[in-house]
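Each of the next two complexes has chain A plus one other chain: chain B in the first, chain C in the second.
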Partner chain A sequence: MGKKILVVDDDPDVRLFTQAVLEENGFTPLMANNGEEGEQMVKRQKPDLIVLDILMPKESGIRLYRKLKTDKEFKDIPVVVLSGIAEKSFLRSQKVLTEFGGDPVPEPEAYMEKPVDGDVLAETIKKVIG
Partner chain B sequence: MAKLLLIDDEEANVRVMAISLRSDGYDVVTAYSGEEGLDVYEKENPDIVVTDIKMPGMDGIDVLKAIKERNPESEVIIITGHGDIDNAIEALKYGASDFINKPVRDDALAVALERALEKLDIKRRLNEYTENLEKEVSKATQELRRQSHFMEKLILTSQEGIVATDKKMKVVIYNPSAEVILGYEPETVINKKRAMDLFPKEVMRLYVARKHDSKSIKKLQWREVQVRDKNGIQIPVRFTGTFLYEKNNIMGSVAFMQDLREIKRLEKELLRSERLATIGQTVAGMAHSVKNILHGFKGGNYLMEIGFKKDDTEKLKAGWDMIQKNIRQTSELVMDLLSFSKERPPEYEPCRPNDIARDVCEILKETAHEHNVRILKDLDPAIGQVRMDPRSVHNILMNLASNAVDACIFDENIDKSRRVILKTVLEENGVVRFEVKDNGVGMTPDVQEKIFTSFFSTKGHMGTGLGLLVTRKLIEEHNGTIDMQSEPNKGTTFIVRIPFERVEGNLVNTDKH
Partner chain C sequence: MAVITISRQFGSGGKTLGKMIAEALGYTFADSDIVSMIANAANVSETWVENVEREAGGKLSRVISKMVNKSLVDKVLKSERGYIDEQIYLDYLVVMIAQIAEEGNVIILGRGSQYILNDHPDAYHILLVDEFENRVKFMMNHYDMSYNKASQTVKNEDKRRINLFRKIGKTDYDNPQLYHMVLNMARLELEKAQKLILQMIK
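The block that comes next holds the complex of A and B.
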């Protein structure tokens, strides 16, 4: 069994794409539709890495990321953000939330702006989990 | 003191009567023949003449005639012989005030004199009144002239076009502003044309009755309508028309028009520049959509490569589907962008709005059915064939109805029976109202504020964020309006009003379906 990788994205095509990439590279993919589902999956499955989208209905990636990275139990799970949103915007929004009385959160282990080649995604994930 | 002239050829009679009348307080002058009587009349100008009828030379009737000729107002009392009715009647015919019989009794004479005096008094007062009245009338006339001059100036210089008619709707006032709007020369309109020759039927229908006696002087109802000028060119105006009543009878009508051409031109210019600005501003917003689409292509590409490598048709098919879906999204995005940035005046042609609504329902039925959403129709049969741009109407309804279906699909409340209603209503003044109503997720005030801004979408990867923007543009190009009511978890209703041109000679065709 390969390492468990959780994909959180509301776009079914993106899930299908990422799933194929993960399977091709010997990982075990887990799927979640939105931030809320993602959070439950993290708690239940304790994945080795999370591929996280940002703009999603229900809970957004920004909020889920903040929750995970400020949780003792989950803060060490590496997160690869895969989104149409620019990294700059993501970091700025985290900074704003921190200023509004949140705990500081580290930058994600990797940030990939769509569109991303399947092979590049696979390499990045491998690099992050080592 | 009243002055009396006594005429009788019998001197004794005259003397006796004079004494008695003087003691009654009259100023008495006397004469002993008709001729002498007239001389004295000229000299003394008495108030009342009392004359015997039978005299040599000029008799009483002659005296009466002569005096009445000089002054028709003078009072003449005739003294007749006993039983001389014929002469008495003759005298009355010539305008005698009264007659008394001989022998003259004091009391009879007194009564006759009193009557004559009363008549004189009434006449005098009447004269006074008449004189006064003439003065008043001339004063009022002057005031009226001043006022009407003022009114005339007011009408001439008014910025609003004014067209007033008599009760037969024939134009009597047509001011220069009306000429600017309608283009007809005043001499071809005033007393020549009727209001219905100047205004189209749907505008004539806007005339309202305002009864003179009704307490509520209602506020003028301004409506935006199109009138046609001399050359048949449509001109947008704000219009209000009223029938004028006097008591319960119609006495005419008046209509006011405000020229909206300049305002419309400015509005259009503003819209255009706003739209161009929106396009500029939102190239950045578009980047997100484009990135997602490109990522989709990469995904499809990746899956197909694996499929080919491993001869895995399932992967091939998944990849192909993904590519196709993203081709569709690309074309939607590009089409939306194009139709949003391009100006396209509506192409009016005869069409049936209800049929368009039916088509839209038919197209959406399948998707809706898959997600357990019912599509209901409530179409007003009074809307028949009208002149509109059927493509615009189709796009507007298609966009709003598919949004409504999506709003139901996104709704996660499984207890609800989800439905979308397409409603059409024929409104007054040549407007069709379209309502697209869903009982889906609804919108928070926050979302409601943003729905008409570009690249805002609650549909995640499924929307271009341009749909409502394009819809609104189409509606505005069609001189229509769009309104929206929404409540979270209750649903949303979009209300679109689109004016139409009537199909000539075929005003409202009842729907045959």
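The block that comes next holds the complex of A and C.
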């Protein structure tokens, strides 16, 4: 069985696309529709890497990211952000949320802006996961 | 690709001035658009976002958050509808304002944008101040309100502003050092204020 990759995205097309890319490259994909579901999956499945969207209903990717990266148990799980939000905007938001009283969080292991090429996504995941 | 943030004491003409500058420069004026973007991202109604925004940091909001918890909403709606509270609102607000600024050529009204974009290389931060009575008069003249209604609105919005900034641990929002330009609207017509800002941008 390949390494477990959790995909957290509310867009069914993105989930389908990412699932196909992961399977083609020998990974075991796990799917979650939103941050809340994603958080439960992280706790249950302890994935090797998370592909995370930012803008999602219920718990956003921002909240899930900040929770994971400040949790002793999960902070070392690499996160590849895959979002329509520009990387600069995401990084600014993290800095500002820390300034507004949140705990500091590191930058994600990789950041990809949608739409993404399947080969580039697979290569990025391989590079991050080693 | 400039970004202009307008912070103001409520009733000092921020929205009117913001629209005037946006029109003169051909920029986007981001005010209620921000609410729509947050509502869309969180998959909730704009009214829900406006209510969270109105009560941010206030006692009522804390009571509502306790009463209307996420699991209750899930039970009631039984669907993929979203949920928003103060924390989710803040997360989205920060990332949306950062994204709007990244696209450039925009005037952003309030909502802590002077802090969110504090070190943005293309941002100009403006603060508008005015006496309480003048701000009441402005609301009466521009929004067709009675004195009592205008006075109450300005008082409520002043409280809301304090609460919103308290939520993010900020008390220095009227400190001139945060801004490129502070305009005393008791001494300036809107047209003159617009001219000053346009001069600064060019």
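Basically, the second predicted complex is superposed on the first by the 130 of 130 C-alpha atoms of A that agree within 3 Å, B and C clash if a C-alpha of one lies under 4 Å from a C-alpha of the other, contacts with A are read in each partner's own complex, and residues count from 1 in each chain.
In this text, a residue touches a chain if its C-beta (ideal position, glycine included) is under 8 Å from a C-beta of that chain, and two chains touch if they have at least 3 such contacts.
Everything numeric in this text was worked out from a predicted model, so none of it was measured.
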TODO: Kindly classify A:33 by the partners it touches after superposition: chain B alone (first), chain C alone (second), both, or neither?
DONE: second
Open item on the list: Looking only at chain A, is it chain B or chain C that touches more of its residues?
Closed with: C
TODO: Classify the contacts of A:2 with the two partner chains as first (chain B alone), second (chain C alone), both, or neither.
DONE: neither
Task: Partner chain(s) touched by A:96 [first = chain B, second = chain C, both, neither] - done: second
- [ ] Could you look at A:117 and tell me whether it touches chain B, chain C, both or neither (first, second, both, neither)?
- [x] first
Task: Touched partner set for A:62, first chain B, second chain C, both or neither - done: second
Task: Partner chain in contact with A:85 - chain B first, chain C second, else both or neither - done: both
Open item on the list: Once chain A of both complexes is superposed, is A:16 in touch with chain B (first), chain C (second), both, or neither?
Closed with: first
Open item on the list: Which partner chains sit in contact with A:24 here, chain B, chain C, both or neither? Use first/second/both/neither.
Closed with: first
Open item on the list: With the touch criterion stated at the top, can you tell me which chain A residues are shared between the chain B interface and the chain C interface?
Closed with: 10, 55-57, 85
Task: Interfacial residue positions of chain A with respect to chain B in the complex - done: 10-11, 13-14, 16-17, 20-21, 24, 55-57, 84-85, 113-118
Task: Of all residues in chain C, those that touch chain A in their complex - done: 41-44, 70, 80-83, 87-88, 90-92, 94-95, 98-99, 101-102, 115-117, 120, 168-170
- [ ] Could you please specify the touching residues of chain B with respect to chain A in the complex?
- [x] 287-289, 291-292, 294-300, 302-303, 306, 315, 318, 322, 325-326, 410, 458, 460-461
Task: Residues on chain A engaged by chain C in the complex (per definition of touch) - done: 10, 33-34, 36, 54-60, 62-63, 85-86, 88-90, 92-93, 96-97, 99-101
